[in-house]
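Here you go, one structure.
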Amino acid sequence: MVKKKSVTEFKQERDRLNNIVMKYAGLTTKRFFSLDSQAYRDDGVLPVKMKELLGLVASLVLRCDDCIKYHIIRCHEEGLTDAELEEAMAISLIVGGSITIPHLRRAYDSWEELRQAELK
Amino acid sequence: MVKKKSVTEFKQERDRLNNIVMKYAGLTTKRFFSLDSQAYRDDGVLPVKMKELLGLVASLVLRCDDCIKYHIIRCHEEGLTDAELEEAMAISLIVGGSITIPHLRRAYDSWEELRQAELK
Amino acid sequence: MVKKKSVTEFKQERDRLNNIVMKYAGLTTKRFFSLDSQAYRDDGVLPVKMKELLGLVASLVLRCDDCIKYHIIRCHEEGLTDAELEEAMAISLIVGGSITIPHLRRAYDSWEELRQAELK
Amino acid sequence: MVKKKSVTEFKQERDRLNNIVMKYAGLTTKRFFSLDSQAYRDDGVLPVKMKELLGLVASLVLRCDDCIKYHIIRCHEEGLTDAELEEAMAISLIVGGSITIPHLRRAYDSWEELRQAELK
Amino acid sequence: MVKKKSVTEFKQERDRLNNIVMKYAGLTTKRFFSLDSQAYRDDGVLPVKMKELLGLVASLVLRCDDCIKYHIIRCHEEGLTDAELEEAMAISLIVGGSITIPHLRRAYDSWEELRQAELK
Amino acid sequence: MVKKKSVTEFKQERDRLNNIVMKYAGLTTKRFFSLDSQAYRDDGVLPVKMKELLGLVASLVLRCDDCIKYHIIRCHEEGLTDAELEEAMAISLIVGGSITIPHLRRAYDSWEELRQAELK
């Protein structure tokens, strides 16, 4: 189990690393990063909240903790409810099996952190 | 590239194989199959169409052709539009990369078959 | 769903392809193939039947149909019972999730073919 | 390489996170957790030790450190021997390739910790 | 084992399916397809042959038959030698383990078909 | 995001763990470790630098941080240039998708550490 990072530390580390990537990145890499943002943009028929939920489910079944945390933060920003999250998590768990459980645990840990911060 | 099966043949083969599974299945397996149906049921806050779309995206990034085809059929039954499908497929493609392209091709092939069948 | 191959056709195709591999294979590849056989050999503490079952579970959660079929055939040769197979399959299904179901179906289809052939 | 956690810390963190999961979990998630326990229960033909070994091999080839550590602890509790572990690890390594080596290293690290603790 | 398709049939089916994808594709999908071509282009420091070999190794360890076949064809067009192919395949096999063997077999089967066609 | 380890700490921890593996390892495991070294040896047609780059791309798309770091270090030792690295990383990113981005970030972070150390 990886030491939990707070959401703030997570964002800072992500920015630091993105700066290093961009120092070396060529055109293909830069364009991919731009496409990646574009895919979740509010410019189509699916609400952004739903696009982020799709990104979360994809990240969960592929078991990438950083990607999960990123989409948990974004889902929270978009106003996803506990119930919506839970139904999507249940589908991820059924599709991906018990091997996803450690990631599901950390996903809910981040969610809990974000929900607790609302109360402050 | 796997020989394309029509949606009808797909369902028949699936039923034949499910019968064999159930001949051997114990309690854990049977309960899992039941949980699997339950996860996509219309009993919560997310519309069934959205649950099936989550299942589709999970199947696409995990690159399972049978699972993709099943959820494509279910999404079609639930009235998913071309535009909704396309936005979800684009997210799957960005998350999962070019390795998902052969599966994305076969997904659209099944979708096209279902859309053409509407015209008959 | 991939067209079912009989166990006999499966073995013939496997031999044909292995001959092509060996035509091109260098020392590392040849040694790996030899190590691969060695890992399941009857020269330790775990019975061969159990080693093949470990190979089957690994193949199921990694979702490789050819590997699954190979280990199903070997488990059958080693006298694995229906009940032993079922418990291992249930564990694979729980660990790997519903994404393994199409492979589990084809695994039981091969098992059924081998069990039916006993009656002849 | 992730900072090693002692077996005790691992269990505490796991309990803390499970409490958060259960705070949010719905029926499907709860039932899946219950099925997950059931699959390894002593109620069939395979000994529990062997079921845990199947879980370990599945976790190793799928490369989930937390799952590996959990099953290493359970295998130790069930009295698995060094030789039995080694044969199962060798099969996992051959099936999963060198990409599993970092996980195999950490698995043996936890095993060594548990074996050393026996001497105290 | 999937029924072998000739290289010609493979290309025709690929074109047919790409037409269907492009019928539905939005901007993100189209741009991704274009980036995908760009990544292997002859506009940098690595020779195209080496870029295609990187694509082949990535496809082999991720176990995507269509992607493997595509890069095998491209590697052949770029004049890759048997020896170069074999060394890259050996690395893929060691990294990815025995679970890649069925894909490695089919890769060499396509390579053999292309090498035999040279003699005609 | 996992706490960054310096290249020196990474090597020390790797040695410590390898000693534990070798304490328990049987013949199959030992031979596999030896084959693993052999696959990247300077005894064929592909330059070692290119073999290590193949290992890096395989590790990136399979998303194994330790494997990535190991090959980044080896590529650096073999004199890989920034431009060669970047083209291989771009191919990995396109093949593996955005799910590889956290690993790509950490790969460049290690590369930057190695490049900065050259200046001292």
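For reference, chains read A, B, C, D, E and F in written order, and residue numbers begin at 1 within each chain.
Everything below uses one rule, namely that contacts are C-beta pairs under 8 Å (C-beta built on N, C-alpha and C of every residue); 3 or more make two chains touch, one makes a residue touch a chain.
Here the structure is a predicted model, which is why all the values come from computation and not from measurement.
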| item | value |
| --- | --- |
| Degree value of the rotation bringing subunit E onto subunit F, based on Cα positions, nearest 5 | 180 |
| Of all other chains, the one whose Cα centre sits farthest from subunit B | F |
| Distance-maximising chain from subunit D - centres being C-alpha averages | E |
| Euclidean distance of C-alpha centroids - subunit B vs subunit D, Å | 31 |
| Centroid distance [mean C-alpha coordinates] between subunit F and subunit D, Å | 26 |
| Shared interface positions of subunit E, touching two or more other chains | 2-3, 26, 28, 32, 35-36, 39, 44, 58-59, 61-62, 67, 87, 90, 93-96, 98-99 |
| Chain contact graph, described as a line, ring, star, complete graph or other shape | complete |
| Subunit D-facing residues of subunit E, complex | 61, 93-100 |
| Contacting residues of subunit E [partner subunit C, same complex] | 1-3, 63, 82, 85-87, 89-90, 93-94, 98-99, 101-102, 104-106, 108-109, 111-112 |
| Contact footprint of subunit B on subunit E as seen in their complex | 2-3, 5, 10, 13-14, 17-18, 20-21, 23-26, 28-29, 32-33, 36, 58-59, 62, 64-67 |
| Complex interface listing, subunit E residues touching subunit A | 26-28, 31-32, 35, 38-39, 44 |
| Interfacial residue positions of subunit D with respect to subunit C in the complex | 35-36, 39-40, 44-46, 50-51, 53-55, 57-59, 61-62, 67, 81, 83-84, 87-88, 90-92, 94-96 |
